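The structure appears below as structure tokens.
Order of writing sets the labels: A, B, C and D. Residues in every chain begin at 1.
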């Protein structure tokens, strides 16, 4: 009962996901199969990895709008380093991770020392990084490199590398959030910054680290994107920050911070992927407009179903 | 003017002065064909949609919420008005009323889901962001709806005593909302609800009604903005109208000094913020700055203006002027 | 009634498939619905499919390559008979096209090429050449202005292939005409509203200098025309405007004497696309690149052709 | 007992915009002593503590710790150097569990990270020393204020600090928990730990403290041996004058008409209860921590939805409805449910009375009302435009009280209104309640301080185990104690 209560939002999410997945399986032939599910994992790996980083930021009570831009930037940077400067792929990825992490840390430091709200600092970060990405290369850039292709096509068992990376991020993220002091400090920070400070927790270090983690995840996602597309792309990251926030929040994490889980984010990502794929490709609607309406309606349906289940299980608490 | 608008205003004035001196043609203001004409007018004319969005957004943000759907509502309202005029041949007032009604309905939907469904505002309005434009696209079958209708175009293009109509619309909306906020109890109730909803409820405020009203107001403002945008270019462009404007509106509100955590509504600040953004945009366009650089300049300037409103900046200023402070 | 409403399509009647055994299933992955040109293209393909009794699976990618790749994999999983792809970007298609090739599904690219190491990954490309469009525009302008002009450029969305190529082709020709200079060049996102706004800014700063405007699409040019008119200037006369696409609105503007020329970039690909698919299925060989006929229209011819324009 | 000073402050200065909060304050905490810090609301006690622990930088003066110069940069820094602090507003993380709040920053670990099982066990053990047996896996925010305060105390005392600072730790504890805490303070003292203790309860001060430092209006009045400082003298040091004892109520049967009649009110966990409030009557709620007094009051006001039962013949609907009927409710958790932190004192006070002032807002009118109550209740603030979050804890409480008094209700429900309020103001409030009841207002009064309830109430309703167990009209202390403890059953 205790377990159920504590994880009720996530469990409700899992349940709602299963319901929708089964519904889709009934509706579309061949939907209910392992390869299709694996496809979900690998197709949503980029968004998923970004969302894991975003989960930490939101748990800490902040928000990071720069993730989409950082992801694009990272993919373009890898492309430029590999194709124009002939770097080894791994070195290029290392470089982009370093840049992304440093950028996140910079944003975190700005947020902490100036006291400007994360929304603004990271929005400015988004503009800045997008401009930077255009400056280093105006167009999307194709990556043709045997070593890169070798990594991109690696499979571990029946899983493509991208899917494995996504699951690894979720697993490590979950571990960090639940079992490390750093993770617990993030929850404390989100639950009440002033209180966390008065309790003697390292608020500044945690805050800077959270944005650095998010920058790391976003730039890693950029690397995964290059595996997926074999190119560095400017366009993919546009609007991704909203998708990432949405997945985190439908995964049961409170935007106000302090409550939520990385596992919930996994559900959120899979859910959004399920909705998008089934509507845009399986249903194959003939109108873009109706497609959008259907996506929105399903998303809303999922959120409301989750709410309803949560309430049913926990009962209505002390009214607010 | 309250002291909290001091720094945003300083920033705006500084930007204007810079342009008046260094940007050729910026200062020129003339009277042409019965209308005032010049970059300074463009700032308000082109900035009108964002200003309207910012007014509505200020109310929502003061309540600790957020409204991402405004851009889509713009597209939807424009589409509804245009379709009713062209396809159904309805009169302009009826079409306008129907479009604003549609916007109001979306706002009410947002409000209802946030208050009664207790879904987080960002999710609710993200859903309406996706769906709103979808409905608009479905209605127009993905086509731009062109129209030639002088009395409707008047909303976006007309002038009254030399002043562009959009500017007048913004002024009227601003004055109405400002009066409501400062001269009636509404402002107090909104700020109290945003500052501490639990306490507000115990004080007998209709927390739900207040929230509903704010989202509906935001929807209405977005609808108006959508009509202006459509009338301005004589077509309803569902794919592009209002695209990403929600971010501009939020930025305007925050630049104006309203905190995203809610509890304060600074309408004047939001207008200053919107004006600032539009001045910056026009300046970069007039000076022919390329997009890559535009993005970076925007980032740095936005950070700078926000920094001017922080305690850290205040400390810095005090340290730089120790003599006067003592 | 709106100008956009249905009109009978005249081409392709011949290829009416024998509605015998099974309905042909074709997957079409489209970029989105961001411009009039794009929706005309969608409509043409969709309408043609309907007419031929083909089951068209349409997937709108909302401007995201990842969505297109998803769509393609699911088309492959559903074993469609052919795939039509209007790629968002030029790069990053190897993996998914490899899958299509393995599944023996022909892939027809429309409106823009892609960069792949192995050309056999797609069957054919039906498109216009954006760079060529830019060149045509520049050459026409150079002739019209006698090799001397202050040009103001309205670019498409930053980083988008048509914007980059149309600029590239244009500048290529300009390099040979030292008297022609681009004074200012700004992105206006391919939209009419932005086109108007940017043009207004140009007018405010450089009013007297503006002699010619080159817009990467018609929508932006139409916005610019409006800005010029409101400023009391005379578009088409004081200021020469040329743009790309050839949508109906542009022809109307030309008839009214406000736009000087437009380079057509034909979106009515439906008939060609399905004819090509029919040929492929019949085992005929098709060329790797089927260039759509791009044509420059001037004011003088606009009035004659306008009645035949479909989009 | 050693007399070696551990923590010494000399001439500490602190200025806030518009407020000179501390002017040259000295303080010396010795090893193995309990040092009481006394002063009225807004005297500067909490500010001094925040300077000692690195929350605020100081504007002047020196600090030393264990003989060395001391410059704490953050609360964490002060903690690591050996100062453990319970701040005035319960400062824990409401979204985390009780166990985690106890061990955040020093959680037991195993090779893979935080050892949750061990943490739970240790948390249960620790809370057992306070007789607190609760589910440590529950979110702290769902616990009552008293439980939260106990958790904060438990967190602070478990470390091996040299100095423990407690800013009003007992403000929402009842006598039993307070006794336990004082016992623990005794043990800490025996271990040579220096304790700085802030409270407004004189009994507690004299029960445990060795020395007393008094602040008045930000200035240092003096440090005295507790044994050589008579109560009256202490009070006059704090106030600068001697207060008069408030009048006692006669506990009599009230024959005036009833204004509130509740019947069978209940919700999950709280047994149905009846209650009648007559015109001009003060009814006190007595009971132990968690006995259900707050919940009963909330049901009456409609703050929580009742499962069944009626108030004045109808089911209670909402606070709004209750207010329309002339009820007013001052909640116990002022931070979460009382103040609107960013609004000014004026706006906070005007919030409820505004409905009487009408739809159009007159700032002058609001100002007049706010000013009136600032004077009447002695709210210490540089101006009525000061954001209320910048006021001291006690003054915030007074603002909430003013908010309701300004509305001039028929029934006033006060849940712990004197929490964190200094003696002067407490007397002031008691007098006010008395005066209001004379004028016909009915008051429902809940307080952890039993003698206060006894002194003020005409009638006392006793709660035990979330059930109303009786009503007493002419009880003395022993009777109430028995009923609270459950030794004897009275039925009303």
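The rule is simple: a residue touches a chain if its C-beta (ideal position, glycine included) is under 8 Å from a C-beta of that chain, and two chains touch if they have at least 3 such contacts.
As the structure is a computational prediction, the values presented were derived from the model and not from experiment.
With A-B and A-D as the two chain pairs, more C-beta contacts join A-B. Chain centres here are Cα averages; for chain A and chain B they lie 29 Å apart.
The geometric centre of chain C is 72 Å away from that of chain D, both derived from CA atoms.
In whole angstrom, the spacing between the mean C-alpha positions of chain A and chain D is 43. Centre-to-centre separation between chain B and chain C, using Cα means, comes to 33 Å. Multi-chain contact residues of chain C, defined as those touching 2 or more other chains: 32-33, 158. Residue positions 303 of chain D are each in touch with at least two other chains. Contacts with at least two other chains are made by residues 134, 138, 254, 288-289, 291-292 of chain A. Applying the touch definition to every pair of chains gives A-B, A-C, A-D, B-C, B-D.
Chain A makes touch with chain D in their complex at residues 2, 6, 175, 178-181, 184-185, 187-188, 190-192, 194-203, 254, 258-259, 317-319.
Those residues of chain B whose C-beta lies close enough to touch chain D in the complex are 182-185, 187-189, 191-192, 195-196, 198-206, 263-264. Only residues 55, 74-80, 85, 87, 91-96, 100, 104-105, 107, 109, 112-114, 135, 137, 142, 155, 303-305 of chain D touch chain A when the two sit together in their complex. Those residues of chain B that touch chain A in the complex are listed here as 68, 113, 117-120, 122-124, 126-128, 130-131, 133-142, 197-198, 201, 238, 247, 250-251, 254, 259-260, 291-296, 298-300, 302-303, 306-307, 310-313.
Here chain C touches chain A in the complex through residues 27, 32-33, 46, 56-67, 69-71, 73-75, 77-78, 88-95, 115, 117, 158-161, 164, going by the rule given at the top.
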